[in-house]
Amino acid sequence: MLINCTAYQNGRKLADLPTEEIGTYLRLPGCFVWVALKDATPEEMASMKAAFGLHELAVEDADHGHQRPKLEEYDSDMFVVMHLIEESNNRLKVGEMHVFVGANYVLSVRNLSEQNLLGVRARCEREPKMLAKGSGYVLYALMDAVVDRYFPIIEKLETELEALEERIFTKGAARSNIRRLYQLKRKVTVLKHAVAPLMEAAGKLQSGRVPEACAGSQHYFRDVYDHLARSSASLDSIRDTITTAIQVNLSMVAIDQTEVSKRLAAWAGIFAVATAFAGIWGMNFKYMPELDWRYGYLFGLGIIAVSSGFLYWRFRKARWL
Amino acid sequence: MLINCTAYQNGRKLADLPTEEIGTYLRLPGCFVWVALKDATPEEMASMKAAFGLHELAVEDADHGHQRPKLEEYDSDMFVVMHLIEESNNRLKVGEMHVFVGANYVLSVRNLSEQNLLGVRARCEREPKMLAKGSGYVLYALMDAVVDRYFPIIEKLETELEALEERIFTKGAARSNIRRLYQLKRKVTVLKHAVAPLMEAAGKLQSGRVPEACAGSQHYFRDVYDHLARSSASLDSIRDTITTAIQVNLSMVAIDQTEVSKRLAAWAGIFAVATAFAGIWGMNFKYMPELDWRYGYLFGLGIIAVSSGFLYWRFRKARWL
Amino acid sequence: MLINCTAYQNGRKLADLPTEEIGTYLRLPGCFVWVALKDATPEEMASMKAAFGLHELAVEDADHGHQRPKLEEYDSDMFVVMHLIEESNNRLKVGEMHVFVGANYVLSVRNLSEQNLLGVRARCEREPKMLAKGSGYVLYALMDAVVDRYFPIIEKLETELEALEERIFTKGAARSNIRRLYQLKRKVTVLKHAVAPLMEAAGKLQSGRVPEACAGSQHYFRDVYDHLARSSASLDSIRDTITTAIQVNLSMVAIDQTEVSKRLAAWAGIFAVATAFAGIWGMNFKYMPELDWRYGYLFGLGIIAVSSGFLYWRFRKARWL
Amino acid sequence: MLINCTAYQNGRKLADLPTEEIGTYLRLPGCFVWVALKDATPEEMASMKAAFGLHELAVEDADHGHQRPKLEEYDSDMFVVMHLIEESNNRLKVGEMHVFVGANYVLSVRNLSEQNLLGVRARCEREPKMLAKGSGYVLYALMDAVVDRYFPIIEKLETELEALEERIFTKGAARSNIRRLYQLKRKVTVLKHAVAPLMEAAGKLQSGRVPEACAGSQHYFRDVYDHLARSSASLDSIRDTITTAIQVNLSMVAIDQTEVSKRLAAWAGIFAVATAFAGIWGMNFKYMPELDWRYGYLFGLGIIAVSSGFLYWRFRKARWL
Amino acid sequence: MLINCTAYQNGRKLADLPTEEIGTYLRLPGCFVWVALKDATPEEMASMKAAFGLHELAVEDADHGHQRPKLEEYDSDMFVVMHLIEESNNRLKVGEMHVFVGANYVLSVRNLSEQNLLGVRARCEREPKMLAKGSGYVLYALMDAVVDRYFPIIEKLETELEALEERIFTKGAARSNIRRLYQLKRKVTVLKHAVAPLMEAAGKLQSGRVPEACAGSQHYFRDVYDHLARSSASLDSIRDTITTAIQVNLSMVAIDQTEVSKRLAAWAGIFAVATAFAGIWGMNFKYMPELDWRYGYLFGLGIIAVSSGFLYWRFRKARWL
């Protein structure tokens, strides 16, 4: 679905144009065309391929979807894939953003995502000086927008993790802790798969042999790279903490288990003593003098109570109870 | 076993030919010969070695089999090994694909695998413009076909893993979960051994000093490389998830264990109290007034019932029962 | 909040000046201006941006905060971010130090930290020969001061860890050990995030293509780099030890558990024997000769005592008790 | 102990010679001398050092033994160390192979190993064309022979591991499984120490700046490198599987433990009920109507049997029994 | 404390000299001065700094101590830090060796260590040809001596580990095994911190751009590097084995635990049966025919013995006892 098709010259908007006229504007000097599609059909992609002379393999990838983030250069053109990540129903949904960049065009295709990027175009049009840098700057603006949207998701994961950390040392929450830590780890993996390969791509645009279209925007791509590095470091840190937390949680379960065993042993001991005494005085020997005492029963109950109490006190002191 | 032996000129099929005439066609300008073998015998390999002037060490490797995926350059010729992976009876079977590539020939040998690659030849013949790039393009077409067949297997592993993830938190399934996770990990290892070294090989054909025969197809080899990178990332992710899942499963077993212990302790406590009371009133002291009461028995049963009930309520509240 | 604004020429203090006059002094030959701010407001940053011609992206980062340590070059200017770490209430608080360095200016901004860096300026002014090296030396002095403050914190962590190591093999301390090890690990992570990226930045100032302003102070930056490497190695070592300690602690819990089980089993066995004997002699069979013996009761108690004692001795020998 | 001392010219054997005449033959054009020693004494090494002008440090290493595999270049000469691995009594015994290679000599010293390498010399002599490449080819032949002997040992480890994998899920074999997995891991470590550093050494002979003596045999050294890479990959895979297997085994033990606990709890419950009932009817209350019933005893036994049976059925259904 | 101060010319000892005359000898052609200090005071270091023109930062490091092993170049001079490791009271004590090397001087400072290095000087003086290589050779001799002293310590750790490995599978030794493995790991860490950074330093002296003073001794430094690589590989191997051993030990504890539980369950079962029967015949029902039998008691005991025996036999068969 076509969202926008606009030509820019020297950083200023020239005209919204129908896709058929793209060819005309591509020939104007200092002019570039920026087309935005959403959930593009193969037919739309085919017409774009014809209009901009996109490389067959890049179009194939875009049609097929399920790409990992990457930057591919086809001679002077580039094909960039980014992941758009949204949270819905406590799950992370992964959409894709495909950007084709040439010296005089930008084609951005957003698939399977509700995230609106119209703000990027608006901001670019408000800064003609920057937009005059050409298609490379548009690529930067798109990458910057996509990457900045990772931050709130990562921060939410950090908040979740901090909440979980409080609960690790709480008794009885082990089962749900593990389940949540596991889900958290899965989310971190999704984000890491979005961030790490894109960082590699941004690295290529920041230093070394930079594609021509991006040559004037190196500082800007380094900024994107730096944001990705920050995201990546946060994700690694979360992942590392989750691993430790699972391990610690397991330790707490084991400690819990030991404490339960000790308490079980203590009570079993106390009752075993009581039962043993009761059993002894329940024996049917003929000559058991204490059975005939006036206060034998009280005496027996007293012995049982005293020995149970003594054990209770001992176990208490040893912190088994 | 010979499957095909065909000569191509400028991207068009020239003739199917008997192996004896290979020499004649190799001398034609702009012509290359593509031979396909299946489960080649040492004799067949020897005749091919003579016909194409293959390097002794490469032929030795091909005869011996059990190679890891690799790309070896012998001056201007190349020797490529790929793994063909099929699933049968819930096991992954590894076959091998050996490809010898020179400026004017391609020899592909498929061993221990039922996977048919005739489709590759058909597709190549339908695109004369591509095939005109020569033997390097045929190598690409073969690699692309092999690599694309990894995807459905990896996807199946992902589906299996997702099914298992649901079961990790189910009680009582621990034993079979562990077994399945273990089997899954073994399969991932088999695939990883096919993918990782081949990725390294594809990397050499994509950038840097590329062998001459492949020089015109760099973008295509980068596409293969990218597919392998995607497979590799998926496999790493599955492997990582399996590791966590085993650890989590172990945690669930430990938690289960604690819960069983608690329940055991609770019931043991309740019965120990009942038995202790019964034991006390079973003692043979002469003077135990309550024994002579009219409703002493009921009184005794009542005490037992009330104390058992009280304990049951306490344990219930503490979530031990 | 402005702390200082001073101009230096040939290593000597020229004048404290109001910010409006910065432009005048920047034009003097061999002169540089060093401004120090604390918790700078966006307005203050904007005026500094105008005065020194700071790069927009660097100022944006400084305004936004939450940066990871880094060194960014904007043509001949540099932007350095460092973490200032303080301990308060057994937590590590992370502040930030932003330093903008140009050929003839240094702007240092300290955010969210109570750590006073006035001593750095005083020390620099006492060594005019060093200060004559210019803005690069000031950057060194600031980095050196920040990095040297990491050492006492790391040493405190090491002391804590050593104290904990003594306790790992103490029975009954498992729960608090785990909690403390976990907290320690969190602190190590905070420090590692301060040290590792800064080390990378210091590495760029020490060898290879060094920014011009720092060219004369390479040996000094290598010293900072070396201090960071030492910190980093210490932190890695602490982290590694914590991981082992958690694992060992878990082992100790498991061993404890086994010992508790054995003791439980031993006492249960002893009482079970006593109770079984008592039960047997409590049976109501008519003809049980020993019941009628004169010293049958003593005999019974003796049997019970002897068998219990024997078991006790056996368990003692097997180290179950 | 001297095994062989032979001079070769243009790939053909010239003469077996006494060590005193080595000097004479070294001066012949196109001629090289190949000496093989076994468990060389320091005296033998000293005379070889004199004859070939070996470097002091290399001879020191050879005398001292316990070297890790390596390749050291001394100007135009090379010193190569390889591990010879034999299995005896279910242990891996590590011998050493030291090879000194110069433009016109090869000195191979085999220490602490019964592995015969005479076959290598025989095979070389049968291929004069190859041997004509000189001392570098002899080094290749020796390395190839040593490396090829790793394969059967690695395959045996793989077979052992597969046998163990079957047993992991068998109950009651945990203790011996762990012991065997541990022993297997130790063997893998021994082999890994032989393979990994040698691979590094072979890498230097295969590409980049190759020592002159080996320049004509690069394809051959790459073949050795490839064999080592294959071995290394197999060993990594075994090691990885062992780690998982130990972890899985631990999980199986834990699951076993839970099952035992459940069964214990179930039987304890059943008997506790029986004992409680028996205890109640063993009380000495005066008025316990059911005691006087004609079939009271049967009634009592019935109650006990029914309640025990009910519990048994419940536990069975819950899979605790 | 000054130990030695000697001037050498062309590999031969010229004179022992008072520190005041160092300046005179430094000016002689082909002459170098070798000073050895022990636990140097800041005053001694200051006078040495003046005499040799040492760099301020290097002297600061030496005064401060607690350095990690390193090699720092200050223009044509070098500053090397090594760790001297001694065992005392089952702990590893870390001393430091600081070596300042210039074209015509060597200053070695040994701190906090009783290890005598006089032998190094003696050996150097016995080999004038080597010593004639100058200060770089002295540095080699010192490094070689320090590194060679690591071997016996590492071998002792290996012996300790092997002794421990025997004990892992011994029952009841778990607690002390863990403690020892933990201590061993700590020692390995201390050694690793001595070896790994020094290896990096030795690497710089062995290849690539080598400092001038060491240029003639590259083969010698490679030998040191190789020794360090061997030590490092041994330490990695020990560390890896310790990790596995801790894990295996934990497995053995878990298996032990299961066996104890089974035995507990078995004996509890046997006694529960006996107690249940005794309880039943202890009930007070009026009509319990077997109570009146002549051999009822024997019959009862028989039933109890037979059922207990049967259970014992069953548990034995199932290997629970």
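Letters are used for the chains, namely A, B, C, D and E, taken in the order the chains are written, and counting of residues starts over at 1 for each.
What we mean here is this: a residue touches a chain if its C-beta (ideal position, glycine included) is under 8 Å from a C-beta of that chain, and two chains touch if they have at least 3 such contacts.
Predicted model, so just to flag it, every value in this text is computed and none were measured.
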{"item": "Chains contacting each of chain B and chain E, listed by label", "value": "D"}
{"item": "Between chain B and chain C, centroid-to-centroid distance (C-alpha), Å", "value": "40"}
{"item": "Chain C and chain E, separation of their C-alpha mean positions in angstrom", "value": "25"}
{"item": "Junction residues of chain A - those touching two or more other chains", "value": "247, 250, 254, 257, 261, 264, 268, 272, 275, 279, 282-284, 288"}
{"item": "Ring topology as an ordered chain list, initiated at chain A and continued via chain B", "value": "A, B, D, E, C"}
{"item": "Residues of chain B touching chain D in the complex", "value": "55, 57, 61, 67-68, 70, 72, 74, 172, 174-175, 178-179, 182, 185-186, 189, 193, 197, 246-247, 249-250, 253-254, 256-257, 260-261, 263-264, 267-268, 271-272, 274-275, 278-279, 281-284, 288, 290-297, 300-301, 304"}
{"item": "In the complex, chain C residues that touch chain E", "value": "168-169, 219-220, 222-223, 226, 229-230, 233, 237, 240-241, 244-245, 247-248, 250-252, 254-255, 257-258, 261-262, 264-265, 268-269, 272-273, 275-276, 279-280, 282-288, 319"}
